[in-house]
Amino acid sequence: MTIEIRITSEITVRLIQSCGGDHMIVAAAKVSTNGEEALQYAKEDKAEENRGLIRYLMKMRHGTPFEHSFLSFFVHAPIFVWREWHRHRIGFSYNEESARYKQLDPVFYIPPRDRPMVKVGDWKPGRPKFKTLDEVYGNNADAAYYEIVREMRHGYEEEYPRYVRQLGRDLDPGLARDNLPVGIYSSCWVSCNPRSLMAFLSLRTHDQEARHVSYPLYEIEVAARKVEEALAKGWPITHASFVEFGRAAP
Amino acid sequence: MTIEIRITSEITVRLIQSCGGDHMIVAAAKVSTNGEEALQYAKEDKAEENRGLIRYLMKMRHGTPFEHSFLSFFVHAPIFVWREWHRHRIGFSYNEESARYKQLDPVFYIPPRDRPMVKVGDWKPGRPKFKTLDEVYGNNADAAYYEIVREMRHGYEEEYPRYVRQLGRDLDPGLARDNLPVGIYSSCWVSCNPRSLMAFLSLRTHDQEARHVSYPLYEIEVAARKVEEALAKGWPITHASFVEFGRAAP
Amino acid sequence: MTIEIRITSEITVRLIQSCGGDHMIVAAAKVSTNGEEALQYAKEDKAEENRGLIRYLMKMRHGTPFEHSFLSFFVHAPIFVWREWHRHRIGFSYNEESARYKQLDPVFYIPPRDRPMVKVGDWKPGRPKFKTLDEVYGNNADAAYYEIVREMRHGYEEEYPRYVRQLGRDLDPGLARDNLPVGIYSSCWVSCNPRSLMAFLSLRTHDQEARHVSYPLYEIEVAARKVEEALAKGWPITHASFVEFGRAAP
Amino acid sequence: MTIEIRITSEITVRLIQSCGGDHMIVAAAKVSTNGEEALQYAKEDKAEENRGLIRYLMKMRHGTPFEHSFLSFFVHAPIFVWREWHRHRIGFSYNEESARYKQLDPVFYIPPRDRPMVKVGDWKPGRPKFKTLDEVYGNNADAAYYEIVREMRHGYEEEYPRYVRQLGRDLDPGLARDNLPVGIYSSCWVSCNPRSLMAFLSLRTHDQEARHVSYPLYEIEVAARKVEEALAKGWPITHASFVEFGRAAP
């Protein structure tokens, strides 16, 4: 039996559907002072002229208007990323591939060459810091990368066939998968609203300028940055205000 | 100072925006067994051929796929309706008119002539029952209705001018409104997903055929039935399955 | 029929039960770095020596450890307070008196004499400011207060008997109450955890030193300050850290 | 370097703290009809005499009173169990061991000898069925078990040293762990309330008598049954009613 393992550093985020926009956030906020007439703001051309209102909502942390929009993503990421993502409970919906009902594909994660991945001296829980292989190994960085990736690949190549062997014994797939490494990929649909999305971004991206600097895992930040692009494209004023006021979710 | 009071039985529900459909629910559910390939089901023409899957999800109460769609409503309803609606916490977003920042309009609720509104003998908490005025008063029903409505209108006509007088004293609007009756109308935006919406419907509509028969307040049921129309129109298979399996939210 | 109306400025908050403490927050946080051994921190005498950890969690906004404690309150407050409180959806549980199943007691709210209640010139939505009657009316403040309260009381005295009359017509209590003013009191049980409680406090108390200055309604702040006492007493380090870092919920 | 791997079938659930009881559920429910006087029911001896009320709440699915209690657990379980558990978002709080900040212990899961683990003919997604090794292999069951466990152990013995080697290269622990199998154990604190707990139980335990029969993974059911013991002990009437009415969460 030969099983081809695919190793990759790619994390896929695809916008499936979305709804709303900056104008809906404006209109929802206007309900508090305008009641029914707020509906007239629910038009796309009303967004830009109400930029000030969105900035005010973000600055003062009036969060609820940012819930009246919606985004659904398809995301393909390693299980160790899902382990973190699924901890976001509020305003997030998930449907994930199930290893109980489907044989997982032999797709596994390896870090890209330039991922900062070597612990540095003042590393400590809560604010870990890492250097790239180039910074640490200089001319030997290629060799170091090769060694790390080879190690990972060896593990994947050991474990996926083991998984297949166990399945071949007619073992419960929910048990056969116990040896699969957390580096294996899984697909999941993720739906959220701009408010819950910004809460996710504030914790899962690193920015020295942020009001609360987060130190996320590299791989979830890769996914978060892609998700952030969808926010920036569909809700440009909301996103700009989010950045302006320190990437703190309202 | 003459203030014209408007009394009405109308409860307005207007769909502002929506996103998704039965096909999105199918596709989200397919992720568990098909992974990335589930995306191919995210097309409108894939809904009908997967009616069986939606029925299965509803019957077995697999709820999460029903979260990958979205609806936003404008609702104009009396405060006593909002008091109940706002207790729905999960999967619901609200932005309401604020009596602290805006003078509420003089619009007040009276029951429609045919609302069952007279307590009957075996009334008890949790499953109240009511008869219509016609059933109770026969030929005198018009007079009874007139008396009830006159009483309500008198109250509204007493209290709204009082509110305006207090505002005229430059009183904090958040205090001046303390005398306003809960029958006054307020506008609110409500966003939800089909799953949270069905949880709302299961509690806020009455159906003898329901698995768990609810005894909602008449007025919130009026609103709920209008909201249900939007679900039935945009997610017809989901809605039909909801009805088929006893109006129990998955 | 003579019905005695009771008017009061009192808002009651009573702690019914609580669970946990600063040591549980320490222990829950320690799980991330100590796994099972974190259990040894789940002792009351471990709180003080880990003050630095709680301060760090609060400062860096690591919120989840603050969820492993619990408080239940009995609260007696006017409906207009509940209208705001019930908008707190996450980490809050409510069971309230029902006007559909119980005749509400004739207890109504009036402001205390020293409540800042007169709008001042630069009042604007989102950051309203008010002066006390003394500041505005000087020697005539007593008279002004008398006039305001008399107006309120008159309304209450009009509407409660109307409510009773409608009940006397065997009207659905859920309809008979439509004329009741939002100043009437209602009882509710409120359960939450320290994290959700701090989110509530950050929005419902005013503090010039807060990172995000809120402008809550006077009456909900009265309730919030009492609730805050329970937090300060049972979770003193958590509360001190909350105050130290700008009253922003982690 | 010799690293001792520990393999086990044990899943640990330990109650850390709890709060409330059947009487608190009674009292919270009584608020709707008794207001402030409901407090008198908040005594332990009031539970038994109000058994009928708890049964009624459960039967009619009045869920909120069941939120006024609280439980915190320490749980030691394999990552593949956490992957499922963490999908319970509402009314659940988690703090888990972090492989980014702590070296995970070499403790791995193997199935107990009598776990039904062989797929049977009519297996299908959503309602998988399994037989025990004895049922399938008869006298050869011991050998079959030995083979399956040996396979698993080999994987664990390959991967944990690989993990340690990667850590030895000063690799980001959040990357070094990518080869760790999902069968490795992790510790987590879980807090919830009886309502959210029953929602968990209804999906994560199998009972042919249940209104909606669930087909959970064996291992999460083991954990769920232990959690259920804590509910049954501290809230005996609630638990009995949960069972009586088909293990459907209210």
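As written, the chains take the letters A, B, C and D, and residue 1 is the first residue of each chain.
As a working rule, contacts are C-beta pairs under 8 Å (C-beta built on N, C-alpha and C of every residue); 3 or more make two chains touch, one makes a residue touch a chain.
Everything numeric here is computed off the predicted structure, so don't read it as measured data.
Peer 1: Going only between touching chains, how few steps reach chain C from chain A?
Peer 2: The least step count works out to 1.
Peer 1: Does B-D or A-B have more contacting C-beta pairs?
Peer 2: A-B
Peer 1: Need the CA-centroid distance for the pair chain A / chain B, whole Å please.
Peer 2: That gives a centre separation of 35 Å.
Peer 1: At what distance in angstrom does the C-alpha mean of chain D lie from that of chain A?
Peer 2: Those two chain centres are 27 Å apart.
Peer 1: Which residues does chain A have that touch at least 2 chains other than itself?
Peer 2: Each of 32-33, 64, 87, 90, 94, 98, 101-102, 125-126 in chain A touches at least two other chains.
Peer 1: What residues on chain B touch chain A, complex-wise?
Peer 2: That would be residues 14, 16-20, 24, 27-29, 31-36, 38-39, 42, 64-65, 67-68, 70, 72, 74, 76, 93-98, 101-102, 105, 186-189, 191, 193 of chain B.
Peer 1: Taking the complex as given, what residues does chain B use to touch chain C?
Peer 2: Residue list for chain B touching chain C: 78-80, 82-83, 86-87, 89-90, 92, 94, 98-102, 109, 111, 115-119, 125-126, 128, 130, 136, 144, 147-148, 151-152, 154-156, 158-159, 162, 165-166, 169-175, 177-183, 217-218.
Peer 1: What part of chain D is in contact with chain B in the complex they form?
Peer 2: 32-33, 56, 60-62, 90, 125-126, 212
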